[in-house]
Amino acid sequence: MSGLVLALTVLLAAAMIGAALVAVIGKSLPIAILSAGLVSLVASVLFLLLASPDVAMTEAAIGSGLTTFLFFFILGRMRGGEHD
Amino acid sequence: MAQIAMAAGFILILVGFYGALTNRNILRMIVAFTVADTGVNIVMVAVGYMRGRTAPILDETVPVADALSRIIDPVPQALVLTAIVIGMGITALMLAFAYRFYEKKRTLDITKCTELKW
Amino acid sequence: MIRKFAAILLLAGIASIFMGLLFTYEPDAELNTTARYYAERTAADIGATNIVTAIVVTYRGLDTLGEVTVLFLTAAIVGLVLAHGRRRTSDKRRLAPVGELLATGSRFLAPLIILLGVYVFANGHLTPGGGFQGGAIIASGVLLILLADPCRCLSHRVIDTVESVSGLFYVGIAILGIVLAGGFLDSHLLPRGELGALFSAGAIPLIYALIGLKVGAEFSSILAHLSETEEL
Amino acid sequence: MVDILIYIATALTGTGLLLALYRFLKGPTPADRVVAFDTLTLTTVSLIVIIALAEGRGIYLDVAVVYALLSFLGVIAVARYLERGF
């Protein structure tokens, strides 16, 4: 099983770094926010692989749910500001 | 495996810092900060990981008697639990300030904020 | 351009520090002294099967009290920042109507989500999860209610009451620990019970439930304050 | 036997993850990326279940339950934003 876990770790790390790059240097702001949510999503699976289900659950409930939501809430209030 | 996760966490921190330093839009800086935050959490959890061991929760697969040889270090996990919750609070706070900034200036560009510049 | 160059230079410095940390890192083969103490003593002393919960609630309970206080301060400051200059004139904001699917679905799903939150913090000492996760899930349920009906103003009074009452009880139980048990936030207030049962681990389920309610109320208050802002 | 099944399931889920990630990184319109995000959350839930099975810890499934019940919220947020709601 350890080969499987290793391959999965590499895959998840690559996905996470790709999503982080989109979040930081992508053109459109909503996509950047969505990518930050994706980073949290993949990170929570990585936390589970690192044998910490408590942290994985926190990241699932807070990082990818509420934080993404807060960003879109604020962005919806400031239409027109995202092009600066 | 812990090393791979740790390297990924370090790269996330660097990517987040790069975004926070080079972007001029406040919302983009906040997004970059959350990415760096996730990276820090991954590094901290990876430090506590030990090869071939499992989560610090006792049940029928991990009886109390051999907990000492089967579980990983629970202290970093407790710390990261705290860090994630506080990170969400800080993000909310930054977003509230960004909202006020936009209300006053009608822009999100940080370089337009020149009151204290001389 | 200079800005980018300086940023990359700075990041190269940080990266070199990280490289040093990464290549000299050697994972421990054995648990260190603190972790060994927790692994050996938790089941006998505290009676919780989830060792992370035992650390968060009892061994380092004072940190958790501080964390909840920080979260309360955050919620209060968000309210303060956003309440300033809010106008009450336009009650009916012009909004795109909520679809039938979301309205009906949220009426069905919101109670289930809140129930899941209660499950998560009631079982915090047995399974992964606990007060913070449960509170965040409850806040997600509140969020779904807010989404389905954006014009509804959530009652701030209910949220504030839940928040202050659970906070008061939390500190009250902590002080009762000094009187009746070993010290501040000691969980031996209630009988330890059988390892693995729902009502076990002393006062941990009670304290975690109060933390869950408090965290849920704080997150809900942040969300409600944000949703009452006006479109600029 | 079970090992082989887990390997096959992981390979399939990993392929699904990569395909959805490709669509997310490339997707020309925001709607493409939102659908890719939704697919990624579902793939993540199945990955969590596979990890729970491979490690033999049933308690990991709680995380999957939380994800399954909360994952649609992010998509609703984007959808409401795109139709100029809130």
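Residue numbering begins at 1 within each chain, and the chains themselves are lettered A, B, C and D in the order written.
Operating definition for what follows: contacts are C-beta pairs under 8 Å (C-beta built on N, C-alpha and C of every residue); 3 or more make two chains touch, one makes a residue touch a chain.
Treat the numbers as computed from the prediction; the structure is a model and nothing was measured.
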Once you count every C-beta pair in contact for both, which comes out on top, B-D or A-B? A-B
Distance from the CA centroid of chain A to that of chain C, rounded to the nearest Å? 19
Centroid from C-alpha atoms only, then distance chain A to chain B, rounded to Å. What do you get? 11
When centres are defined as mean Cα positions, the distance from chain C to chain D in whole Å is 24
Multi-chain touching residues of chain C, meaning two or more other chains, are 50, 52, 120, 127-129, 132-133, 136-137, 140, 143, 219, 222, 226-227, 229, 231-232
Multi-chain contacts in chain B, i.e. residues touching at least two other chains, fall at 2, 7, 18, 49, 54-55, 57, 59, 77, 81, 85, 88, 92, 95, 99, 102, 106
What are the residues of chain D that contact at least two other chains? 55, 57, 59-60, 62-63, 66, 70, 73, 77, 80, 84-86
Have a look at which chains touch which and call the overall pattern line, ring, star, complete or other. complete
Which residues of chain C touch chain B once you look at their complex with the stated criterion? 3-4, 7-8, 10-11, 14-15, 18, 21-22, 25, 27-29, 31-32, 34-36, 38-40, 43-44, 49-52, 55-56, 60, 63-64, 67, 70-71, 74-75, 77-78, 81-82, 84-85, 127-128, 132, 136, 195-196, 215, 219, 222, 225-226, 229, 232
Chain D touches which residues of chain C in the complex? 95-96, 98, 102, 109, 112-113, 116, 120, 127-129, 133, 137, 140, 143-144, 147, 150, 227, 231
Report the residues of chain C in contact with chain A in the complex, numbered from low to high. 50, 52-53, 120, 128-130, 132-133, 136-137, 139-140, 143, 219, 222-223, 226-227, 229-232
Give every residue of chain A touching chain D within the complex, in rising order. 1, 4-5, 7-8, 11, 15, 18-19, 22, 28, 30-31, 34-35, 37-38, 41-42, 44-45, 48-49, 51, 53, 56-57, 60-61, 64-65, 68-69, 72-73, 75-77, 79
Which stretch or stretches of chain B touch chain A in the complex? 1-2, 4-5, 7-8, 11-12, 15-16, 18-19, 23-25, 27-28, 30-32, 34-35, 38-39, 41-42, 45-46, 48-49, 53-55, 57, 72, 77, 80-81, 84-85, 88, 91-92, 95, 98-99, 102, 106-109
